[in-house]
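What follows is chain A paired twice: with chain B in the first complex and chain C in the second.
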Partner chain A sequence: MNELRYILGGPQGGGLETLSELLSWAYAHAGYGVISDREYFSNIKGRHSYIHATVSATELPRHLTYPVDVVAAMDAETVFTHFDDLRDGGYIIYNSDDDNVSFTSIPSMERDLRERLTSEFKELGVDGTVKSVVKYLQSNRKVRAVGLSFKELLMEIEKREGIVPSQASRYISTILAGAVAAITGINEEDLDYSLKRRFVREDLYRHNRAMANIVIEAVKGQFGSELKLDKSSVKVPGVLVASGNDIIAMAKTVAGVRFQAYYPITPAADESFTLEEYEALSGEGSIVVFQTEDELAAINAAIGAALTGARSSVATSGPGFDLMVEGLGWAGQNEVPVVVTYYQRGGPSTGQPTRGGQSDLLSSVFASHGEYPRIVLASGDHEETFYDAIDAFNYAETYQVPVIHLVDKFLANTIATIPLPNLDGIRIVRGNLAPKGLSGYKRFDLSSVISPRAFLGDYVMWYSGDEHDEYGHIDEDPINRIRMFDKRMKKLDMIEKEIPEERRYSYFGSERPDIVMVGWGFVKGAALKAIEELNGEGIKASYYHIRMFIPFPRESITKIAREVGVDKLVAVEHNYQAQASRLVAMNTGITIGKSVVKYTGRPIYVHELVNAIKNIMRGSVREVMSYGA
Partner chain B sequence: MARKLTINDYKTNVWVDWCPGCGNFGILSAMYQAFADLQLDPEKTVVVSGIGCSGKTSHFINVSGVHTLHGRSLPYAEGIKLANPDLTVVVNVGDGDLLGIGAAHFVALGRRNVDLVVIMHNNTVYGLTKGQASPTLARGLHPKALPKPNLQDAVNPIGLAIASGYTFIARGYAARVQHLKELIKKAIQHKGSAFIDVLQPCVTYDNIHTYDYYNKRVYDLQEEGWDPIVKSLEEFPQKAAQALIKSYEGDGRIPIGIFLVNPHVPTFEERYAQRLPNYLKVPPAKEPIEVDGKTVITMRRFKELFGKYIIEFKQ
Partner chain C sequence: MVNENDEFVPHAIHTWFGYLKVRGVIVTRDEGAKYGQYARDTQERIKNALSTYGWVYCVDCRKPLFDLNEALEHAKRGHLLTNEFMRDEVAAEEVPMVS
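Right, the complex of A and B next:
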């Protein structure tokens, strides 16, 4: 077995993250690649939350797919919600104390799901208790059921380790970690590594270690390690195991960010927390992480800081970005390098605040009154995002423009293994800076498109959101207006010339494809895996991955469309309108008439993408995917 | 030693385009004088302004000027000051800008006590959009630009500043330039968020709050023996309460001068410095982030910093 997929489910706030960490770290420590997506409600405690992971012995995976090999359930709701996600012959690990719990008695379950289950269970002939569902899985799907009485296990650990009963429920994560470890054959050393890492306090480690041992013993005796992964063939000297939020925070410290302003918003806020954790950079530096009263303050404080020369950014999501737009225009007008790290989530309005999406592309490209140059880049996976986050600041300072770095909730909350970054190749480019000792400094000197930038504190200078003269003073003269406007907008030509086409896109798969998926962002992981699977079925597929929207990879997409034919292009996106395909049309005149989209807030899974692409090849022009709880 | 700077050194050659007789002239004049008295280094001084008539102030002063967005001058000023605490930052902002569209920022700045000066041009109207009621115009008043009497109550700027936590709170009057100059100097010298509410007649749109109106009513708190200094933290609630009562005095007699000074609150910069040992020594704006184009975070340092995310394999 070289790939393992699992679902871990339970109530929000019930230790699911601990469980996921324990397993991810253990597999990573054993040399496997891991990607682990977290799906959760906008809720602190009680609603159904789950982790969906891929563990690979052959690669550092970026894809998620169904069915899974294991469903590990902390509660009955997980059994009902995910029983159908299991492959035939998979494993369900659950609390046998819940045997008689019926799906109709679960208050946290949404009515829609309960109604769907009612008819589904009727069809399957199950009575809707946990026991009946497990029995159905055993007899109809050859699923192996690992029923564990959590109550008995907790009593056992109370007894053995002298734990107060009220604290015992904290060990449920370790029960499931132990069970998954047993059937997937995680070795002692690797599990121990993650237990030690997670439970720093010695007594907690000891208790959890004991709990895991009890479970492993019980499960191994009965089931063996049937799902043991092959020895890993992934050859990297080291990995980072981190969420997208954390990776971007790390990248920002490397990029030299010295000021980050934010207002709490899901799924962006964790990045600022991580940055704050490292704010003193081992005592040598100072990153001011500034929690503001709203996003209006966040962007404008970040711009203020940028005027002093500090590399400066904000991290936000859709509703926050909407509030920032006026400030972004000021930065455009005043040629301020500021970076917006934009974590897309489901919109419009509050939309699906904890779910993912890619529906803010057009907004990030167009938002604002007036016209000014900006750069928009989008990252497809954890590794890309590390380098993109650094490039964002280099572009911002080189061209003295605001830069929007588009990521999304999927990336933000997904924990993945990526190769240790190579910092030797990273350049810090601060752009055209004014020398010291000038007299009569003009911030908006018209003698070059990129005026030499001085920082507040170096010279006397003025900035104004009004149209201004070379000094920054208000100037409404029509000729000055043209000169200043042209100077700003000419940056777009420079950007177009200087940022190479190859930087703006990546191409994967067949050079003579039967079908070309055109996508961006988190689509990448599923698309790359889909190419492999489609190839396996004799379909030559490829993926054209857009990494920059401004400047747009006009030439390459035009060339591909010409070579393979527009009718072989299909847009794959996490939004309703296939927004990137609209930008393709705007930039090239090429109309991609086919789309595969998903806007449920859940990521695109390989299996559904493969199906959708096959349907497109059979003549469908629009496929809407919907898999996932 | 550098030449002593005169008032003229603080003037730009930009034509001051306020209406003749505007109260803003008095504020600008007081600023020139205060800056000259303090010999502020023009390169190390930043005037941040908002939108409206008062927003133009930054263009008229020969120190760095950042003319920002309506309502957002405080966030700009905070970003500038926090990234480079060596700069002296003064904000000129209108009453609508500060207490209407930007009120959230006004409250938040008080909580932080960033070392800034906020000079509010309080003319009770939105001048540049032709005289609509501002948040400081009392209910029922009917300045000539309004089609109907004002329906909304006025906010109490001094009271709001007290409740928000400003540590230097004063009121000036645009026609008493010397008095205002002294307030501005004290506010600049104060460590922490300083707020000056400046009564500023709008000669074009507000025929109620005229020079004559204020001349008859204003009196100097300090001349009447008001001691604004909070002597100890314990004394603060009582002192603040008394200042609040003073702030409700109006119409008949309008107090100007310093209402409250609380030197016992750490500035925001000091709070950051508690967490960031090098913050004040090498502020964020001045710390090198590259050496010969390479990041200062070497691979070794990266591994030290982020070790908890890293797994290395034996080869």
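Right, the complex of A and C next:
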């Protein structure tokens, strides 16, 4: 087999992260491509959390889909929640000590799911215990059940090696890692690499190595390695295994960011935490990461730092961005190059803090009172986001405008293998800087659209939220207002002229398509895989991927709409309104009348996208996808 | 070796095992329940715990209890009550930042 999909599930805080890392690193070390998405509740501990992954022997995957080949369950709740995600003939790995646990006795399960299971189990003739569900899977779906007594395994290790009590959940992670490794034929060297990397303490490594050995021996002896992946044909010289958060943090260090301000918010904060690990207050490559008291302070701190000449940014999510909007307007008014890395999650209000979405597009494009130029770019995968994050700072300083870099929770919390970034073509562009030694420096010099920028301390200059003259002094004169306003807004013309059309979008698939998916952000991975699957069914599909919303790729989308016909365009988005299609209409007059949307907070999966597109081709104008626990 | 003064401290997430403080070993919940401090002198202990901490936690129902009668009901049903969990250095690494 050349692709493996699995779900690892368990209580939040119980060792899933470790389990996922052990497996991802082992597969990556063996040369496979991996992507793994984490879905978790917004409480801290105990609620059901799961990792959904794709491992590929032929590519660096960007997609997730169902059904999966393996469900590895830390607890009974995972068995009940995900048994239906398994393909026929797949594997379920579970704790056999839970055999008699019933879904009705699980306090952390949401009422809605319990109600759905009640009717489903009734239909299936299942009594609602783990044992009965496993039996159903074995008899009706040819699933192979790997029941392991976690108690016995833990006690065995306690007896043989002892256990480090303060890290006891590590051992649970290793039970499942060992079982998955056995079934999927991960070789010893690759698993050992992971264990050594994850368990730095020698005793912990030794214990977990022993645990893995016991499990592998037992599982292989009984089941073999039926799901062993083909030898990898992925040909890249080196890969990173990193989350979207981490990739952006890396990109910011490459981009020469010197100041990042943030107030902790899901799913943005991990980026700042990673940057904090590299915090250095002085010297070459110094970076200050400043946790402020709220998002108002964060954006204003970043603006202040930018005025001193430091490359500056904030990382936030919807509720935080809302608070930053007034500050963003101040940056627009004062032509401050500041970057907002905007991680979208489910809104409005607190919404679904740990779930994904793309419902903040219109907010990022329009939010503010008054008018000022801004640039909005959006990344579709880990690789794109690395380069976009760097471009964001170059654009901000070239045009002296705020730049919003849109990503989403899906990208942020998904760990993927990506090729090592190519740093050769990366340039730091600081834009029009004022030379030293000028007399009578005017920060907002009207002789050019982009006034030479001096840093605080270089010259005397004035900044105010109010309209101002060339020096920055408050000035309400109507003629000055027009001249200053025009100067700012003319940047949009420059941006339009200078940022090439091909930077603003990507196009994938058939040149003469039967259907064109129009999307952005994390839709990309599912869309690209859907093209392959639809092609396999004789449907010529393509994907138009929007990478910038300001400036908008109006020429290319207009051309495509003209060539293939508007009726073949379908918006694919993670929001209710198909917001990008609204921007297509605003920018081009083209109305995309068909949409495939998902707003459950879970990613779009390939199988549901393929089905939805086929329904659209049969005449549906709107498909709402909902798969995923 | 049974030590009547030992005390079972359950794992906060994987509640099917825990730690015996005096012996310093990991044991299953069933084994540990014999040493659950609320299994002995139930009413008095729960009363003291509630007056000192204001709560006891039912491991089986994964819920804090604040009322003596309710806590006694859980104890009568054989549920494991506790005021303390195993220290787990792992949890912080395992739980994504949520706010």
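In the analysis below, the second predicted complex is superposed on the first by the 618 of 629 C-alpha atoms of A that agree within 3 Å, B and C clash if a C-alpha of one lies under 4 Å from a C-alpha of the other, contacts with A are read in each partner's own complex, and residues count from 1 in each chain.
The rule is simple: a contact is a pair of C-beta atoms (placed from the backbone, for glycine too) under 8 Å apart; a residue touches a chain by one contact, two chains touch by 3 or more.
Keep in mind it's a predicted model, so treat the numbers as computed, not measured.
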So, on chain A, is it clash or fit between chain B and chain C?
-> fit
For A:53, is the partner it touches chain B (first), chain C (second), both, or none of the two (neither)?
-> neither
Have a look at where A:330 lands relative to chain B and chain C in the superposition and call it first, second, both or neither.
-> first
Answer with first, second, both or neither: which of chain B and chain C does A:613 touch in the superposed model?
-> neither
Have a look at where A:150 lands relative to chain B and chain C in the superposition and call it first, second, both or neither.
-> second
Which one hits more chain A residues, chain B or chain C?
-> B
Reported in degrees to the nearest 10, the CA-centre angle with chain A in the middle and chain B, chain C at the ends is 80
With the two structures laid over each other on chain A, which partner does A:43 touch: chain B (first), chain C (second), both, or neither?
-> second
Considering only the touch criterion stated at the top, classify A:266 as touching first (chain B), second (chain C), both, or neither.
-> second
In the superposed arrangement, which partner chain does A:92 touch: chain B (first), chain C (second), both, or neither?
-> neither
In the superposition described above, what is the shortest C-alpha distance between chain B and chain C in Å? Please give a whole number.
-> 16
Chain A contact set shared between chain B and chain C covers none
Chain B-touching residues of chain A, taken from the complex the two chains share = 25, 28-29, 31, 197, 236-242, 246, 250, 253-256, 258-259, 261, 278-288, 290, 292-294, 296-298, 300-312, 326-327, 330, 390, 420-421, 423-424, 426-430, 455-466, 472-474
The residues of chain C that touch chain A in their complex are 11-14, 16-17, 19, 24-28, 61-63, 86-91, 93-99
Can you list the residues on chain B that touch chain A in the complex?
-> 12, 14, 42-44, 46, 48, 51, 56, 58-59, 62-69, 71-72, 74-80, 82-84, 86-87, 104-105, 107-108, 272, 275-279, 282-287, 289-290, 293-299, 301-302, 304-306, 308-313, 315
Listed in rising order, chain A residues that touch chain C in their complex are 11-18, 38, 40, 42-46, 74-75, 97, 107-108, 150-151, 154-155, 158, 163, 165-170, 172, 264-267, 269-270, 273, 353-354, 413
